[in-house]
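Paired with subunit B in one complex and with subunit C in the other, subunit A is shared by the two complexes that follow.
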Partner chain A sequence: MAQVPPLPLGPSAGVPGSVPNQLSIETTVQQERDLAQPGVRPDEFGGAAELGFWRLSVIRFLHHRVATGALIILGVIVLAAIVVPIITGDLYRIQDYRHPYKPPFQSLQHIFGTDDLGRDEFARLLRGARVSIMVGVLAVVGYLLIGGTLGALAGYYGGWLDNALMRFTDIIISAPFLLVVIAVTAATGGVRLTTVIIVIAATGWYEIGRLMRAQFLVLREQEFVQAARALGASNTRIILRHILPNALAPIIVSATLGVSGIILLEAALGFLGYSIPPPEPSWGNMLQEFEQYLLDDKTYLVFFPATALVITALCINLVGDGIRDALDPRQR
Partner chain B sequence: MTFYVVRRLAIGVFLLFLMSAMFFTLTRVTPGAPISVGENPRIHQSVIILRLHRLGLTDEKGNPYPIPQQYVLYMGALLHGDLGDSYVYNRPVTTLLMQRLPNSILLLGAALLVALAIGIPLGIFAATHQYSKTDMTTSLLSYVGVSIPSFVLGLYLLIIFGAFLKQSPLHWGFPLFGMHSGGVDDPVDLLYHMVLPVTSLAILQIAIFSRFMRASMLEVLHQDYIRTARAKGLSIEKVNYKHALRNAILPIITLVAIAIPQIVNGAIITEGIFSWPGTGQLAFQAVVDRDYPVILGVVMLVAAGTVLFNLIADVTYGVADPRIRY
Partner chain C sequence: MLVSACGTSAPSTSEVKNGGTLIFALDSDATTLNPFVMSTVPEFRALSFMYPNLYSADKNLNVIPDLADGMPSVSSDGTVWTVKLKKTGKWSDGTPMTADDVLATQKLQADPTLDTDYSYDWSPLKTIEKVDTYTVRYTLNAPFAPFLAVNLAGYIAPASVFGKVDAAKIRNMPASTNPTVTGGPYKFDKWVPGQEIDFSANLSYYNGRPHYDKVVAKIITDATAAANALINGDVSWHPSLGEAGAGGISKAKAASNVVVHTYEDLGYIDFRMNTRKGHIFDNVMTRQALASVLDKASIVQAATQGAGAPLWGDIVPASWAYDANSVVKYPLDVAKAKSLMQQAGWTIGADGVATRPNPNGGGTQKFVGKIRVRAGKPDRLKAAEIISDQVKQIGMQLTPDPTDFKVFYKPIQQGNFDVFIAGFSLTLDPDDYSTASSTQLQPEHHEGQNWTGYSNPQLDSLISQERATVKSTDAATKAARKAIFNQIEKIISGDLQTYMLWADVSSMGWSSNVGNVAAGNGDNTIYYDVNNNPNSRAEWYSKNGK
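For the complex of A and B:
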């Protein structure tokens, strides 16, 4: 091609279907190859620039070493949570009264030792990881569905919906969130994981809702929206095609950070006995017997679940901050 | 100003009404609860009916009131300062709350003071020494601090000081205010018992305060009037602590108001872990016992407190910063 753009991620970067697989900025070879492909042109709606933005963000994220490291650790945890319980099977609930309180790092059979009922702590930890991650991800999807939709509608149309959203937020913020979730969980008839997820999603979405509303309030007044309206685009089309893609960046960051908040909340609920019931382990309910463990000097049984929680939450927060920096480099 | 305060108070009362209706309905549609107390076959039917009537659930003959009527009864009693009776303790919720409240205020107040006393100077220092080693360390630690929930921190502290160092009162039995010796009569003993719970509650707030203070201070330090003050020949100390600090510290007022409900939230579990006899532990125990009138009472108390503190924060902010008009 005639010219190579000065920035490696110029208008041609957004070739549909091309996944960014280079870690470095020196992508000119790939660039030229992209440009050499006939028929691939940025469409007139600026779709190429959009893809370029996301691709650029991925590269910026991967240059952030701490965030990348955290993402790798997180990946290992998620992978282990998916794979290991399949291998260990029922080990997490098989009780062995001959070997309770086996200390950790003594045998390969029970690498993290066993708990008061002789159950393998390692298998329980990873089984618990499944619960935490599942609740975290599903509840955040709930946040996005409820908060995203209501926030977008409130920001775009305003009116009573906007008022209702703000008052609901006021109520939720002024109540002790933990007690709210507990009261709702109890009222909806007992402690099942689905209930916990629904309750967390139904009470915690307001933050993303408010963020989405703020984004829509700003964006709906901008020229490109007016232009779209002048061209005859319907409200649905303006919301979905024109405003939503531009409003997404802070929502993604908030959703990522939301996952760690939910995991910690679920642990607190499990700790109080208001999450998944035993024998199914979760990081929260594994800590329920902490008094007994501490008095018996079995500190590792408190240490492992607590540390699993902290590491996971920390990694998610680091990844979230990495995403924030990547999506909005001006904020650094 | 007066109009603003009255309007805010009216909105606050309206919010509390909404919330009470929401929670009241939630706790009343919950299956079981106080009826299970009456399942003992040896208790005479009339006693059960009397008890349910006293709890505001049925009329004298044992016919259950519909939930709206129960709510009206509850709110009527609430206006007389009566939050109903606890299912478990068989005593008025107000009495239970008032008994525990001083303990909680002591603990939460201490945690807030410690957080302010450490977090703000730390943030100021980090901002005035931007990119120094202390700044980096502070940022890193505040990052970790935000990711550790206070109850996990409490468990870590118990592992370290209780199990390893054998220094903390791990096996508790902390005396209630006024009921046993110790407490306020023995300040040294009291402080000794307060160290761990206060630490576990304060760390998160220290992290938040120092982060916020750093950002706020940096923003002010980059403004023109600071450069002007320096150009006039004022010393760095005078500019930093006299010109910059005054403006940078203003937003902290709002932050404190936000921090209070957070600390209360954390205290529910932290007080339970450390057996601190406050309202948090009362709520913790009520949650375990499913003692709904107590849960409802704590929720209402915290909500009222939050609404009030938010109002106080906004008014104080207006007093501190005359540019703000209501």
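For the complex of A and C:
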């Protein structure tokens, strides 16, 4: 763990008012060489062990109580979503349709009661958590791949490439998301989770793309980048080893917040019937199936997925805020 | 708003008064107010306030005269039908309703270039002629029993507006958005797209002055929201209350200011299999195995929460031709289902999935398929989920596949499907020619709705026979046809041309302030719906005059 970032020069060099850097160009070159050699430990660079940027960030994050609490709750939810469905197996789709609607908290067998087809609500809720979180994470990975790459290229190279990519981004921003989902679903002949993930990723990456471009625009003019260029580093190396690590902080914050946005979006799609097909549950389609019970005495069927959705989204947002504070103390 | 909390003493009709505004919930906006182009239920609901019918349906779904003066007289060979009109009908521009209007309307409906989504079938008609100002004579190619309920029961539009229009360009005529000349119980006032359609009383309506002064169709697309509006007293009629689900219905029933009528509708939901050679359901024994492994009554109850009546044949209980004893029923019998699968050549493998030697060529065929079902229809999806779970016992692996309506029918029309769960809404006539006759196979023949691939010469001949049975009176015709329908239903249910699931049971809610909402047999209020009886709209009144 606790890796020193590839370029310790970077963060402090970029921050105005920070301690002037003590390292010379020569040291930097030496460090680069060292890094290329496996087995060389950071401590051997000489001098007192400094707390790295990331380690400092972790410490700052842990001092943020609300965020830490949210992270623990989120960890429990994710862990439960991973572990419990493995234990309960097919329970989430075992029907007892002749005896549906067992109320919650009445028996240990069905702690959250059963749904309209007599399926265990607790197992469905956690199975649904899997779907929701998986969609959130995979779509954000998609954001990072598409938005990150395009933003980095646009920001680094500038010129016509920047122009072309940014106009493309404008087009994506103006694409009506719901219509795209409906059209793609119709064209591919049915509701598929992969379709949903791909469409979300393909239409939602622009925020991260723009953020990445802005970071690259600033960072590419920094002295440490010019130094690396002067030393003959290739563009690929500069982008991947010098600029990218320094551009990551706001991207991580945006991506974290993006996950909660996507989980809510998936719920909205599920509510409209455009998420995972049955018998697989997702929080969105659980809400959709039971919308009508809002008028009834079976509100628990709405209450559980809605609460799970709110708690998860809230925790992710709090964690995201915590990360932002930790990575960028100036923004407090 | 609460008017009469107790329901023991029904108000007598002498208390009927004029005045007030009827606000009702329309579950989606109309796309047109042109009767020739209309195709959705909300559009026909709007239509039923504006245009008169030649013949209508009474509360038991019998055809009764409306603008027509008495039932049609039919020649002894069943091919010449003569209809007389009431002489009191007047359009809102003051001109009388005459045979010219009937001719103009029906000629336009029969025009093959008519640009419409609704299917008008006037193919049995040879000629239509005006005998005198108030008499029309139809000559048919051959005796055609459904002619009365299918062709004559329907709206009449003014010749002055629709007499000279180009059928191919009818969508964009002014009357599509601003129907100024009408003749139904209410006149068109204004249409605010996405919000409401307003009507006011037609004081010279030929069946007598309608009792409300104004009618407002408020567009409330969410059935649950509309149910709340009904309970709160914001609307006085919620025709699609059933869409709000069991919870919405029971909450409306519990409200003291709401009256709910539940009725068996002219529509059904079925599990339609592809019976063509080489498909998994090509053998009648396989279909019987499916029917024997399903407990229909409890599946329907679980899927519809009581909004469906279990059905075995394709004639619904609301129809005069329904006979509960003329169908073959398959009771739940898993052992029999398993042996039927074996007899049909399917053996269950180690993975629990049935296989047989592939009839399409070498290797084996697995019993794996998809149940195509419309997205956004929770009751159908629930049925698909239960069926998919139950049929595993006999080695059938059928997965629910929810699909958007826009692309739902494409592969079905190409014969490229395993099973689909579909809804069919029916006309007043129980004739099932288009879904069961082998002349209506699609894609084998050009059109038709017999997508199952099922073909049976005996069934075909019974259907032709039933269609050609015309007696001198409507009652005699029905009696003769019903005997044939009983045989038809035996074949359809026995051979499982399609596995019927349920007949729609719909619910409508009225404010208890609306008077003269008379329920018929079995709470049957269907005649109020769509355009089956505009005159019933005229009879409603506001008890408190507001």
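In this section, the second predicted complex is superposed on the first by the 268 of 332 C-alpha atoms of A that agree within 3 Å, B and C clash if a C-alpha of one lies under 4 Å from a C-alpha of the other, contacts with A are read in each partner's own complex, and residues count from 1 in each chain.
Just so we're on the same page, contacts are C-beta pairs under 8 Å (C-beta built on N, C-alpha and C of every residue); 3 or more make two chains touch, one makes a residue touch a chain.
Remember, predicted model here, so these are calculated numbers, not experimental data.
When the two structures are aligned on the shared chain, A:Asn317 is found in touch with subunit B, with no touch to subunit C. More subunit A residues lie in contact with B than with the other chain of the pair subunit B and subunit C.
With both structures placed on the common chain, the touch criterion links A:Ile182 to subunit B and to subunit C. When both complexes are overlaid on chain A, the residue A:Ile171 reaches subunit B alone and has no touch with subunit C.
In the superposition on chain A, A:Ala268 contacts subunit B only, with no contact to subunit C.
Residue contacts after overlaying the shared chain place A:Pro250 against neither subunit B nor subunit C. Of the two partner chains placed around the shared chain by superposition, neither subunit B nor subunit C is touched by A:Gly69. In the superposed model, A:Leu294 makes contact with both subunit B and subunit C. In the superposition on chain A, A:Pro104 makes contact with neither subunit B nor subunit C. When the shared chain is aligned, no partner comes close enough to touch A:Gly158: not subunit B, not subunit C. Residues 182, 186-187, 189, 272-274, 294-295 of subunit A contact both subunit B in one complex and subunit C in the other. In the complex of the two chains, the subunit A residues touching subunit C come out as 93, 95, 97-98, 100, 116-117, 182, 185-187, 189-191, 272-274, 277-279, 288-289, 291-296, 298.
Partner subunit B is touched in their complex by these residues of subunit A: 167, 170-171, 173-180, 182-184, 186-187, 189, 260, 264, 267-268, 271-274, 287, 290, 294-295, 297, 299, 302-303, 306, 309-310, 313-314, 317-318. Contact residues on subunit C toward subunit A in their complex (touch as defined above): 224, 227-228, 244-248, 250-251, 298-299, 302, 375-376, 378, 381-382, 384-386, 388-389, 400-404, 406-407, 411. Residues 15, 18-19, 22-23, 26-27, 29-31, 143-144, 146-149, 151-152, 155-156, 158-159, 162-164, 170-171, 261, 264-265, 268-269, 273, 283-284, 287-288, 290, 292, 295-296, 298-299, 302-303, 306-307, 310 of subunit B touch subunit A in their complex.
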